[in-house]
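Chain lettering (A, B, C and D) follows the sequence in which the chains are written, and residue indices restart at 1 in each chain.
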């Protein structure tokens, strides 16, 4: 009773959009697909929906070969990142559209639509035209439409990406609420996003995609704590994890002209060159620290992103307050070396601060 | 009181209808078109037609645009339908497209029209698709009245393919009020040392036209010009060119071809006679109204008929337009034969002969045929015969916009124009004399080119002369180009084909037919 | 600076409007003239320059036997042929355009763009090239001189326009819209008529307008392919262009023949002003 | 998306078009190898005689073709510039916007062959209003009777007739432009001119290319105008390809040769339009 895929491959103009993807999604669970833009997330969702026929590989659902069932008979729902609704219909007509397609009787449609609208908080908007709604409301209509349908597979393709910051926060909260309410037991929910924070908050099973390939699967926490390699580390962090070339020499880690004391969890490491990874939030401003030059300072919301440089090494520091910096100003920072990741030349994780992959 | 009057009138007219005395009026009451003459007895009179019954049959006609030819066609169609019970459908087509409009279905083996209007020079291309006019009609009295020239124009090698319903030719039209004005005569003599008179030669035509070009000589506050001519490069301009060429090139002493040397089929179009005519014509661009180089026939008629120019030469229409009742220059214009030339080219001796020469150009004109594949040929011929019956023809003549012009010997009676159309006797006489001279008397006539591929030949002439008029080429170069093109066409069409056809025309020109 | 621009803008727009209107005014003036007022000198204003006559207008409804042109029947013929051909062209053209916009076609070296170009390229042919073959074609299937025959030919004239406009239009309609419809349980046909079509009305209006215009103004095919049964308006009006052209009735009929399309101009403008002509689906 | 249903959408239109056209096209090609004319209306086979004639002995066709290229490119460029200017001017704030828009559309709605008759009287050098009015300033251009000005007159009439086409497409394009780039430009404080060059024009490029190509296709058929205004004269000064084909075909009835001309013309046009489309795309859409 699963959604099962084996070796899915899809190529367009000699470029892999899906490269040998296999998975086994179980009902009642939430799956998030994390990947950068053009990593193949949308292609994968469309392949599941049946909008794209893979060049090879198979998909099965409820033990049936999925490729033989056309899109319109698959009983799926999908929400796009562009708020796709039917512009010629009202909110109510939009939400009831898939139900009417199934020729369900009017009473039941009414109930289901009302319930869905209630869930997304659009009661009272039934007779509005789509163009009269804000972007957030439009996306709620799209969501309501897919919920009302009670589909067995619900696909959400970066549903929040085109919303502004505040709305995104707000809707994300609601998503959490909606999906956590013991979301229908026989539904598979697949949610794709570029935003690691969303992945963390939704807390489902994660599949990290890049260039059409699965890089890592596992629970959100696992991905976050133990990224298999540099790529995953980059993708699963926002801002991306800082990668610093350094050398371990005995009790020190040498980066540029800085020497950092070796943290405990790296004591077994061979003396060698490594890529050290550290999250932007694990670097702090400190008078005791080392001197870097400010290249750029971005303020977003209540945070400040500081782009720094020293020699060939560039790092990003996340400061959780609004601060003003001048370009070329010198600042001092300190690394929280207890949170160092270590990656080998091949990009594979050698050591994580969370312990499991040590050595 | 009024009612009684009406009743009496009605009673009287009722009596008249039934009385044999008012026989003719029975038809003119029903058909006001012929009220001037009433029905005139004949083979195809109203009376005779009313005895035919074509009800349930349909006659399809393609004719020219309204009004020229198009309006009389439609009018007589309506009358014919009323008399015989037939249904008559009439389509109107612009002049330039009449050929193609009939030719396309002809070549595709179709006969969508029973009757096709066109021009007499289509005859060679059309004759294989046309039904010869049956003996019944060629030998009737109405046909015996048609002039020799027009029988010739309608026939091919003695067989009549086109039913004569109209006559056409080129002649000179001039403003009588200017040429005969003693003051202008004096002034002209004083200024140029020459007599002001109806031009006898094209050179004189040019001199007088230049003199009267660009100033207000009729006192209406607008400048007037020398001459209105068809110079626009369409299907008609080459005819104007030939009108100007005949005087220089049609030498009565050199029979055997005007366009080609019939023996060798060598084009004569670039001989000094034609070149001289084209040189004159290029000169003429200086004394036509502004934009005159782009005048089509309609512009020419409008220009002369509207009193804008002193001279014009082409078909009758410009004169008739000027003589309409509402025209401010009615009875101020007159007709004369085309000008001649003081010298004429002799292609045998390759020399100019310094001798006055004049030649009428029996240009092509309207011609009508009945399609061979038509299923109602008898009705079609009856219609055409009815179209041209004496009553209709005389009524048509009087309506300028109809474009129906004299082609019967009886038409050359000046009294018709004096009585029914209010023409000045002198002008009417100048008109009929001019026509009679051309149609019946002259021995030096030129007939239109009627050979296979005639449109290729004439189109080449139009292109060449047009280039000369526009100053793109000199007259000699232009005509050399035409001659070269003619040779090419001859080779494509086959010299023998053209020669055989051309011989028929030459025989008429040489007065052998 | 801004004032200068405004001044130039209004001057240009006004000048162009005058240029647009000039021939119509001239035609309007001419339609009330007679032979002398046209041919003796240039006249403009009735009663001052010339004595107006209604002859030019009367001619339009008179029968040819009385020197009229009787454009009433051709008028309706033209409307019928134009509308029928436009509707068929738009239906077929819209379907094809949808296919070309949404699906990929491959046949040898032929791709979607080539098929689109094939459609549009039908308009490269000068009418003269096609007239004779069409004549023979229609005569073979017995549709010469019939309204149906003209409709058949006009479809060839108009469908390329419909395809061109609609491909362009559909390319700007997000294809996620149709995908959503499919996911919501519509088969491709239902998705097309339940979702795509209702949202394509602005495009259909533009395509329809171009079809109607190009159908209405065709002269050549109507001229070659009809004889007596069917006459279309342009052919009938051009038949006034005789050697002695009655300029007055020609002008009047020119004005009358433009009239219905001016309504089209208003409809199009209305859609323009509502701002959804090019139908951005946002 | 890829379904077998896609054929159901494409094929009706495609096959109807092919069905109607296949005969005419094959017929034309076959005809071009025949000597069909007024006196031998037969589908005989004369090999490539017609093509030899065209390529070795018919400078008039090639002249008419270059004249056509000149006329159509000039008119289309003018139509584009004027149409774009007009569209920009009535795009946003202007008084009587709707009136002007309707006005600008109207010429397109008129039948060229009829309107040109009106234009002919309009430009009549002694009985038309243009020279009458210009006469008060002491000028009287030879609108139709001089080889150079006759071309200009043809261009004027064509521009009058078809600028609305450009105007409509470009205005519709302008009205559908996204607002964001303009806001961004406004925030950057770009001048109106810079806004046009860097924002409006690039956004309009795809629509412009489409409109120009279609207009080029239509303009290359320019015939009614020439036919009525000048009949290709004075001399051959305004003779275009389609008018020349018309003369050869329906006037002189050299059907075989006219088919040769047509087919050659078609091939040249398809090739050159493809090239023009490519070049325009390169010029107007950077990247």
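Following the convention adopted for this analysis, a contact is a pair of C-beta atoms (placed from the backbone, for glycine too) under 8 Å apart; a residue touches a chain by one contact, two chains touch by 3 or more.
Model, not experiment: these values are computed from the prediction.
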One chain pair leads in contact pairs, namely C-D
Per mean C-alpha coordinates, the chain lying farthest from subunit A is B
Centre-of-Cα separation between subunit D and subunit B, whole angstrom: 39
Distance from the mean Cα position of subunit D to that of subunit C, given in whole angstrom: 15
Would you mind pulling out the distance in Å between where the CA atoms of subunit A average out and where those of subunit D do? 53
Among the residues of subunit D, which ones contact at least 2 other chains? 1-3, 127, 250, 255
Where does subunit B touch two or more other chains at once, residue-wise? 97, 100, 104, 296, 302-303, 306, 308
Tell me, which residues of subunit A touch at least two other chains? 51, 70
What residues on subunit C touch subunit A, complex-wise? 174, 176-177, 179-187, 190, 195, 198-199, 281-282
Provide the residue numbers of subunit B that touch subunit C in the complex, in ascending order. 60-62, 64-68, 70-71, 74-75, 77-78, 89-95, 97, 100-101, 104-105, 108, 110, 112-113, 220-222, 296-298, 301-303, 305-308, 317, 321, 324, 326-328, 401, 403
The answer for subunit B against subunit D in the complex is residues 96-97, 99-100, 103-104, 107, 124-125, 225, 232-235, 289-294, 296, 299, 302-303, 306, 308, 452-453, 455-456, 459, 463, 466-473, 488, 492-493, 497
In their complex, what parts of subunit A are in touch with subunit C? 46, 49, 51, 70-74, 76-78, 80, 82, 84-88, 97-98, 101-102, 131, 145, 149
Residues of subunit D touching subunit B in the complex: 35-39, 41, 57, 60, 123-127, 131, 140, 142-147, 150, 230-237, 247, 250-255
